[in-house]
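Two complexes follow with chain A in common, the first pairing it with chain B and the second with chain C.
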Partner chain A sequence: MTLRAIISTKLGAYGYFAIALAVAIALLFAWVFFKGGYLLTVLQLAMIYGVFCVGLNFFMGYTGQASFGQNAFAAIGGYGSAILTVQYGWEPILALVVSMAVAGVAAVVVGYPTLRLRGHYLAMATFALGLITYDVSVQWTDLTQGYMGYSGIPPLGIGPFTVEDDKLKLVCLAVILALGVWVSSRLRHSRFGRALRAISSTELGAAALGIRVSRYKLLAFIIAALYASAAGSLFAHTVGFISPEVFGLQMVVVTFTMLYVGGIGTVLGPAIGAVIASLLPEVVRSTGRFQDIAYAAVLILMLIFVPKGLSTLASIGRRRPIKAGAEG
Partner chain B sequence: MALLEVRGLTKRFDGLVANSDIDLDVPEGSLFAVIGPNGAGKTTFFNMISGFLQPTSGTIAFAGVQITNLRQDRIAAMGLVRTFQLVQLFGGMSVAENVEVGCHLATKGGIGAALVRPPWFRHQEADVRAKALELLDFVGLGVQAEQEATLLPYGQQRLLEVARALAAKPRLLLLDEPAAGLNAHETEVLADIIQRVNRQNITVILIEHDVALVTRIAHRIAVLDFGRKITEGTPDEIKRHPEVIAAYLGTEEAAHA
Partner chain C sequence: MPNGFELLQSLINGLGVGLVYGLIAIGFCVIYNASGIVNFAQGVFVMLGGMFAHTLLTRLGLPMLAAAVISIVLVAMVGVLVQVLVINPMWQRKAPLFAIILATLAVQLLIEQIVILTLGDQPRTYPEFTLGGPLKLGPIAIGYQLFWILGCGAVMVVALQLFFNRTRVGRALRACSQNREAAALLGIPVASMLMLSFALSAALGAAAGILITPTQYTAYSVDGPFGINGFIAAIIGGFGSAPAALVGGTLLGVVQAGAIVFFGAGYKNVVALTILLIVLLFFPNGLFGGWGKRV
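Right after this comes the complex of A and B.
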């Protein structure tokens, strides 16, 4: 298969834009690599937020539901990893996987009753979930060490091989994010993904075609929780320190921004949004005390001129194919 | 035994009786129609059969199995698939993708299969794609396959809903006012499609306003008024029935006038 064929069949309308984007991101990475320093950390965090957003996109993008409480699952991942590695000396990888399992179970327990709610009610219920988790992480000091948080969390690694170097960390995180995007793409373009997207548009229509709406919503919620937990664990192992503030309301606001800037409901949007929204504060920093205003202005301009997100720039002005082959 | 057996079906909304003690037998393979003036309770009746509303009392049996109070998706899985008076297309998806969603019941595979993509899954995806295009050709929307579904003209959106419902391989297809808002030509096309569907041994129940359409294509017609079934019979019987004339034109005197 030629490169061109791969682009047109696998990536569809995103084809050329994806290539251009890949080149731009590769250049950015190369530059940051060469320069090193603070921007390395910024990009590391962008990758971690990216993982979180790709997961959140399953629930909010593909399935069209609102969750303001996904930070709760990131907290489970972060604290799970911190406690298991620092207190009990577990392998980081194992701690990450076990934390994800715990987050998954928590998502079932929380999701089963709350996903009966819709729209604003679901948003409020999930919002409460995030707030409760924050309070728990502050108050349950025996488990979480309160505001002090956990420090000295070991970096990721397998056996004797650990990822200590900041540049290597970034590479590993980028690979993990790419894996997350790949999973998202595979699931979106399948019977499962179609069912989620159908629900996002009309639950009545989906149910009439035999789709078990509540079951699919719960599955999307669980997937989002797994990604969030992984992101929380990655944060803990990358930064080496966590506290309640890491998984607070700020996280909800930041990730929502990323999701909408990049393009909610698209495959690449969440990852793109995470990178752009992470770098933007660094770019506008040069405006000194106006940086918050500049940041907000850029976001507003993006939402006005690219309301469906940066990842949809590609399809603007493109002609759609008349009829794709049966193999498409 | 009829494919669909409705007994004493009643629905009350607080004080309002939307459906009162309706009995209905729809034989397998028939093209059945339910007519009645606005507010006669036709859509309420459909909503109960398809599981979108719980009846206050009464029973519904499909292919000999009780389906009263079953969830919508389980009823659909048994082969009873409906369309909506207010079209419920999937926005943000192409015309073809809408029909592909319709193949949900006729296919299998969840998260694991989507990730691993074993050969059977890839074949199935190709089949789904081919099936969608075939059904779109069947309703005359083949050329629009890649268009955004909700940008189709209204008449074509209705046809797309029919194609999507057919993808679920129904034994019984419920069409809720499929001709509403269609012009004469579109209604003609729709009538032809409904008859071709019925000839594929799919039983059809049609709710309609357009009496001319119904009396032309239906084998049997039930008439609802004020939530009650006032009569049932062949198109010729219905056209001559005094109560039907009264229900549609107000009073018998008006009919004679």
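Right after this comes the complex of A and C.
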């Protein structure tokens, strides 16, 4: 196999463009790593959002379904980690894994009835789930401490080794994100991933090929929930503080922006989008308000003009046609 | 345990809010039936209605009626802008459904932030249309604004019914909802009809916002709850006819008011959203089976 063939089989429609982006991001990492300071935090959050987006990509990108309520699972992860470590003194890793399990079970319970819905109805039902979770996290003060949130959440670590240093945190998060992307890439090219993509092109066709559509949809939903929960836990351990606002509607819009900027349905897109969309507000930052406006405006423009994200740029000048977007 | 009068009192209050949800729900239906799009930014129109009316009343000192009419026209223009600048380009490019939903959510966020920057983030309210009151019936107090909401709601629903059934434009809109291609072949300008549906829907939302603001408050953030509750009302009503949506909204408002009495105000949205999930899962065509399209 030539290098080009390897690149295009491993990375799909991305090819050299993705390599160039990856190199650019690696250089950025190196620069931030040695410079330190505020951008370290920005990149840490980008890694965490990246984990979330890679998971969401399973459900929205590969399978072509819509979930506007993944923040609910991030909230489960975040609060699970916070409560287990702060109240009960658990090991962070153990809390993270247990929270993920809880989120997985929640995804089964919630997804089984909800995923029968399609289109607007699925979008609204998942949206409702996200909002219910937000309201509950505000109101159930005995469990979540309401708007106060949890502070003093210990950093990630195993036994006596804890990751306190900001640079080390960034490296750990980057490794975790890379692991997440690797799993996503392996699954995308497996029988499972091909089934998901078949569902995204046509559900009837997929069913005719013997794919159990509802089961695969549910599996994709669960995987997305596991990633989201892990992202929530990582947020809690990295920042050390969580409140309901962290997992609010803002999170939905921000993560969707990342997914669309990077290229929905691609392997590296969500991770790249998370880095780019996290740096974007730093470029236009003057007040917090303009940051939100920038997000919303960029998202709208992307949705209208480049709905396939940066992967569209990669395919300029190629003969390969861009596959029609996934129907919701 | 609350006593009977307290419960009745809050149910009556719920009636007013519910009627407003119903009006918002009609706005959802108008756009959905014309285009098949659910405009998640519907609540923005409600918020803008209240905010514009407040600004016109306090800063320019206009009388209530003038402020209301001007606000409704302004919000209708915002609705047209949203359609022309965001929805139509996506529509032309055959964007997938959830991309359009997402775009409307982003529009909501964008308009919220613009309102914070221009009008401020403080909650505000203005007096009821008719001062005095409330009307006392024994221990029950009924604010005069409730009668305004009832009256205006009734007038608007009747006017809408007449518009959809008796006028050429209204019939053209209904034709678009049944089959856009056939409608286009019959010479109906489908694109303008879409624009009209956004204007109409925005105007309805604005009217709802202007009516409800005196009984509570308005702020940049009220659009989310209003939009969601309006959508729930539309789902209960089955996305079919205006009266069904109004009944759906009223039901929702009353149930929510009851839930506040029993569970506390904090959980009112949780109750509403749970109702939404139940209706979605068991009555996908609405409680009245409506003529809503299956999705």
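The definition used in the following text is that the second predicted complex is superposed on the first by the 281 of 328 C-alpha atoms of A that agree within 3 Å, B and C clash if a C-alpha of one lies under 4 Å from a C-alpha of the other, contacts with A are read in each partner's own complex, and residues count from 1 in each chain.
As a convention for this text, a residue touches a chain if its C-beta (ideal position, glycine included) is under 8 Å from a C-beta of that chain, and two chains touch if they have at least 3 such contacts.
Computed from a predicted model, the values in this text were never measured in an experiment.
In the superposition on chain A, A:135 makes contact with chain C only, not with chain B.
When the two complexes are overlaid on their common chain A, residue A:194 makes contact with chain B while staying clear of chain C. The intersection of chain A residues touching chain B with those touching chain C, taken from the two complexes, comprises 326-328. By the touch rule above, chain A contacts chain B in their complex via residues 183, 186-187, 189-195, 197-198, 200-202, 204-213, 219, 223, 265, 320-324, 326-328.
On the chain A side of its complex with chain C, the touching residues are 60, 64, 66, 68, 113-114, 116-121, 123-125, 127-129, 131-132, 135-136, 138-139, 249, 252-253, 256, 260, 289, 292-293, 295-297, 299-300, 303-304, 307, 325-328.
Interface residues of chain C facing chain A in the complex, by the touch rule stated above, are 38, 40, 86, 89-90, 93, 95-103, 105-107, 109-110, 113-114, 116-117, 224, 228, 231, 235, 264, 266-267, 269-270, 273-274, 276-277, 280-281, 284, 295.
Chain B contributes residues 50, 52, 71-73, 76-77, 81-84, 88-93, 96-97, 100-105, 107-111, 113-115, 117, 121, 124-126, 128-130, 133, 142-143, 145-147, 164-165, 167-168 to its touches with chain A in the complex.
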